[in-house]
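Each structure below is given as structure tokens.
Two complexes are shown next, each including subunit A; its partner changes from subunit B in the first to subunit C in the second.
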Partner chain A sequence: MGETYKVPVGPIHIALEEPVYFKVTVHGETVEHVDILSGFVHRGMEALVLRRNFLQNMIITERTCSLCSNNHPFTYIMAVEKIAGVKIPPRAEYLRVIADEVKRAASHLFNVSMLAHLVGFHSLMTQTMETREVLQDVKESIWGNRMDLGANTIGGVKYDLDKEQIRYLIKQLNSIKKPIRELAAIYRDNRIVRARTEGVGVLSKEDTLRLGVVGPTARGSGVNNDIRLIYPYAAYDKLDWDVVLEDGCDVRARALVRLREVFQAINLVEQCLKALPDGPVKTKGFPRIPKGEGVARTEAPRGELFFYVKSDGSSKPERMKWRVPTYLNWEALKVMMPGNKIADISVIFNSIDPCISCTER
Partner chain B sequence: MITLSASSVFAYLLFPGGLFAVLFGLLLLSMGRIAVARFQGRVGPPIYQNIFDIIKLRVKEVLIPEDVTNKLMFCIAPVFGFVGMMTAIFILPVSGVYGGTGASSDLIVLIYLLALPAVSHILGGSASGSTYAAISVSREVILMFAYEISFIIVLFTVALAAGGGDGAQFSLKGIVDYQITHGSFISDIKMIPAFLAFVIFMLATLEVPPFHIAENDGDVMKGYLMEYSGMPLALFEITHALKLLVLITVLQVFFMPGIAGASIIVNLLWFIGKSAAVVACIAFIHASMPSFRVDQAFKFLMIVPILLSLMSLGMILFF
Partner chain C sequence: MAGFFKIAIRNFLNSPTTDPYPFGETFTPENYRGIIDYTPELCIGCNTCEYVCPSGAIRVREKEDGSGISFSFWLNTCSHCGNCGYYCPTDAVFNSNDFHTARHQSEKFIPTIDDGISYVQCSNCKQKMKRPVEALLARAYEEITEEVRHQTSLCPECRRMKRFERM
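Right after this comes the complex of A and B.
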């Protein structure tokens, strides 16, 4: 097979969790060019939010996507709080970080388990998912839901942790440290996993900066753009942590960033639990949202999430716009994929941790 | 010389070939799936799952896509592999139970028969007109080129070893008899590299990780099976089950044909037990390995099993 031909990957394909269509031009087994077509799961959410009031929009934004479902309402609420000039109580700041980091750990574990699935290591996938299940149990026990936590509200958080819940959280987080360490060693050192991920989907530092790539995808190329550090929100500036950076620029580096961030997330939750101040978790009543504009950024599991909210003083927003990390990252696929083999397409695609339902909302 | 007698028809159609082989092969497949599931912390399917799959496919409609390039080839492709495997089971002796055909050079026939399932994948896949099938077929051809070499070296090593320093023994029955009197090859240190090479060959031809490449779900979905449905697909599944059984039987003929007693029943149970143990080992490897990419697998197959089998061949020839 010497000549060039086209392979359709998607819109419905086993390797893709969500519908997106790659038109891959292939020479032999080597990818030459990729065309990305999207728009299969557009739900018109940006129009929908204009017909709901600020409180209802917390619920809608949470349904944008399941894996980063905490970050959407979180960022939206921060933008609204900026318009209203609300200062949330310190205890709520810490509780927001706890919800965010538990979600981040679960999301990253999900992504690396998908990587294991795509390189054909199904045992590693099931083991990673089993470890993640502990976090799902934690979410269900504390927030009452396995995916949509509903943790944040305008002016604070909707939940509080009592002593027993803190004890339970610490116990569960401790119990997954050892399995994750063992799993991380397999992702890092197993020879075939290395052969399948090392040097695959290379995205150089220059390209990362040029394309504005965000999140663990960029941090795998040594670019520090962690919003938690460069534009701190909630309690992140009060905690002791460092940005995880890898300079492999390939799929392996991105997976290692995610695995190390799982440990970091556990560490951050533990720090928060230790430093948790007393006091209320929410400001009294519901603030009136005045006329104005607000912008908020957070670090979602996939990268920077950006919300713009414009209010005309009524109960509904006049305009809302959000930019999700995958929108920036999938342009980078056109740089990552050429030169790799067909078998790597899904591995590379998974390495940006794509979220199509976020991007097409 | 094989003559058409009642006993050979019985052996081809009912036992140990034919019906028995199909059912036993399907059960082995299910056992493999259950073992993999247990290694992964899952429950796995019930033991009769693969038999039910065949029964289900039997009643399903056969869909032939419009852009099939060669309709006839698409329809008859599964038959080649099936017939090849049925014949392979027929000529393979099961030590203490069934003597095979007793032909003097059936070992050579085996080389051709074992290649037939892959040929039928290649014919069916390339006739189906699907891009995924085309990619998967090209991978299968690449891998086949690599693993067949080591298989043939192993085969000649076994033939030479069974000759006992007096030429080569190309009769499967002769190989079994030699080992029953002189001890199994698996206990011979000289044959261990060849045994390992054969295991790698088995994994590659069964497309078990680390060689789950040609029909890898992650990129080419089901590959050459993509457009198949109904009875032709069932035939492919049966062929796969038979291939598993054939390879396990070949493994036993080559390396561990030991018998457990004089009774046929005891020996049959011993054969079944050994087969189940081999399936469990394959399942363990399956569960503990990721898959190579095709270029990596080709490199691996061109180096490791060939070197291993050459090592055994050298030791048999010169020591």
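Right after this comes the complex of A and C.
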């Protein structure tokens, strides 16, 4: 028993079929040390966007990742709007929140269903996916695509909701409330799920603050860093909501944060639909982007997303840089994993809701 | 485990949730961003669709024989983002809700839409010019009078001269 071994995990088939490679040092079956190797899906997007104009980049940024595909163009557009000094109409602000929260609910349901898959509870996974399918149908019916909504544009939003669509949206959201409540109870109380998630992948509050962890991963350790609250954008400051916090610090706490945020997202969409002001959804014409720099932050489903855009007054950006939440969160894996069993690696990895294609771009 | 049994038994009594596609109907929303369609009658050859297309699936060029403007579209390059349809000033390019994108290998690299518009002649100097499109006139003028119709049948150069004469 006194020996340590090195076990390669990845680069294929870790949690979400995304490529990242772990060099794990184990003592018996217990993880002692983790090394992360990445760079398998680098696509050179930051160079690619410099060869496209501002309108084309709305789509390119959206293709960075499919699960937070609304937040990338959203943040990019907010940064460009800051350079151009555009103020979007109030109706557009609410519509942006609606698109964002529907995506957030679907993304969180996907992550918790992956958790069920990794703990070996496949019927729970299919059932969660089945419930999520209602949201996918909503996205397809209103925005035209299951993942890439294309909701935002520079100066407003591309879509508008008429009375019938609002009725449809409310009906569909009401129809998933009961199934999600049932599923959340299983995630919370089921013996198998608890045995695999409770006390696994512990990240203390001190480590969370030290590593700058963001999003539901940090909120599962009781750290409130929700950009929607501390740096409000769109219509978030006009809505009535509270940040979801759990203090379990483990995989279970993070899953519970996500499940509670699904309800919160549904609630926020309903509030937006009730308070939706009349008026245009977009400023007139296309604004000229002058020379300048802009930054924007939003709360993506995985945490804080940051965009920097520099324009030289031409039709193309001079420099663009984005920092995605997973980049901060995967450092925390080196704290979470040691002390756990090999079988828990994928569960812990999934608990930060990793998005490798975002991080490596 | 009891919590899940309730769901399992309910599922057992319900009918399947999957659609019998391709042997039956499936759910296709009205707004679905499917394959691009093109209406040459509405096109003004303004090149906006090519400018906003991030994947370079659209090409708008002057025809080789100079008789008009061609519009080519490659389905295999398209990412179905809907930017072209959104920014098209006359809705000549739009997303249909057809999602059947399978094509023969031989058609992989050839344009799936190869169409375009022809130039018309100026009623005064017979020079070739882009024709006026009703949809754009309706946006520019409150009422399309005979005077406006006559003006639009002239090339920009002749129109300027006519206006100049009137002053």
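Points worth noting:
Here, the second predicted complex is superposed on the first by the 356 of 361 C-alpha atoms of A that agree within 3 Å, B and C clash if a C-alpha of one lies under 4 Å from a C-alpha of the other, contacts with A are read in each partner's own complex, and residues count from 1 in each chain.
Throughout what follows, a contact is a pair of C-beta atoms (placed from the backbone, for glycine too) under 8 Å apart; a residue touches a chain by one contact, two chains touch by 3 or more.
Note that this is a predicted model, so its numbers are computed, not measured.
With subunit A as the common reference, subunit B sits beside subunit C without any clash. Taking the C-alpha centre of subunit A as the apex, the lines running to the C-alpha centres of subunit B and subunit C meet at 110 degrees, rounded to a multiple of 10. Residue contacts after overlaying the shared chain place A:Leu50 against neither subunit B nor subunit C. After overlaying the two complexes on the shared chain, residue contacts for A:Leu37 are found with neither subunit B nor subunit C. By the touch criterion defined above, A:Ala275 lies against neither subunit B nor subunit C after alignment on the C-alpha atoms of chain A.
By the touch criterion defined above, A:Glu130 lies against subunit B and subunit C together after alignment on the C-alpha atoms of chain A. In the superposition on chain A, A:Leu118 makes contact with subunit B only, while subunit C stays out of contact range.
In the superposed pair of complexes, A:Asp344 makes contact with subunit B only, with no contact to subunit C. Of the two partner chains placed by the overlay, only subunit C lies in contact with A:Ser141; subunit B stays clear of it. Contacts of A:Glu29 after superposition on the shared chain: subunit B is touched, whereas subunit C is not. In the superposed model, A:Asn190 makes contact with both subunit B and subunit C. Between subunit B and subunit C, the minimal CA-CA distance in the chain A superposition rounds to 5 Å. Shared interface residues of subunit A, touching subunit B in one complex and subunit C in the other, are 123-124, 127, 130, 190, 192.
Within the complex, the subunit C residues that touch subunit A are 1, 3-4, 6-8, 11, 17, 27, 29-33, 51-55, 79-83, 86-87, 95. Within the complex, the subunit B residues that touch subunit A are 36, 39-42, 131-132, 134-135, 138, 209-210, 212-213, 216-221, 287-296. On the subunit A side of its complex with subunit C, the touching residues are 52-53, 55-60, 62-63, 123-124, 127, 130, 133, 137, 140-145, 148, 150, 153, 158, 182, 185-186, 189-192.
By the touch criterion stated above, subunit A contacts subunit B in their complex at residues 1, 5-9, 13-15, 29, 116-124, 126-127, 130, 190, 192-193, 195-196, 341-347.
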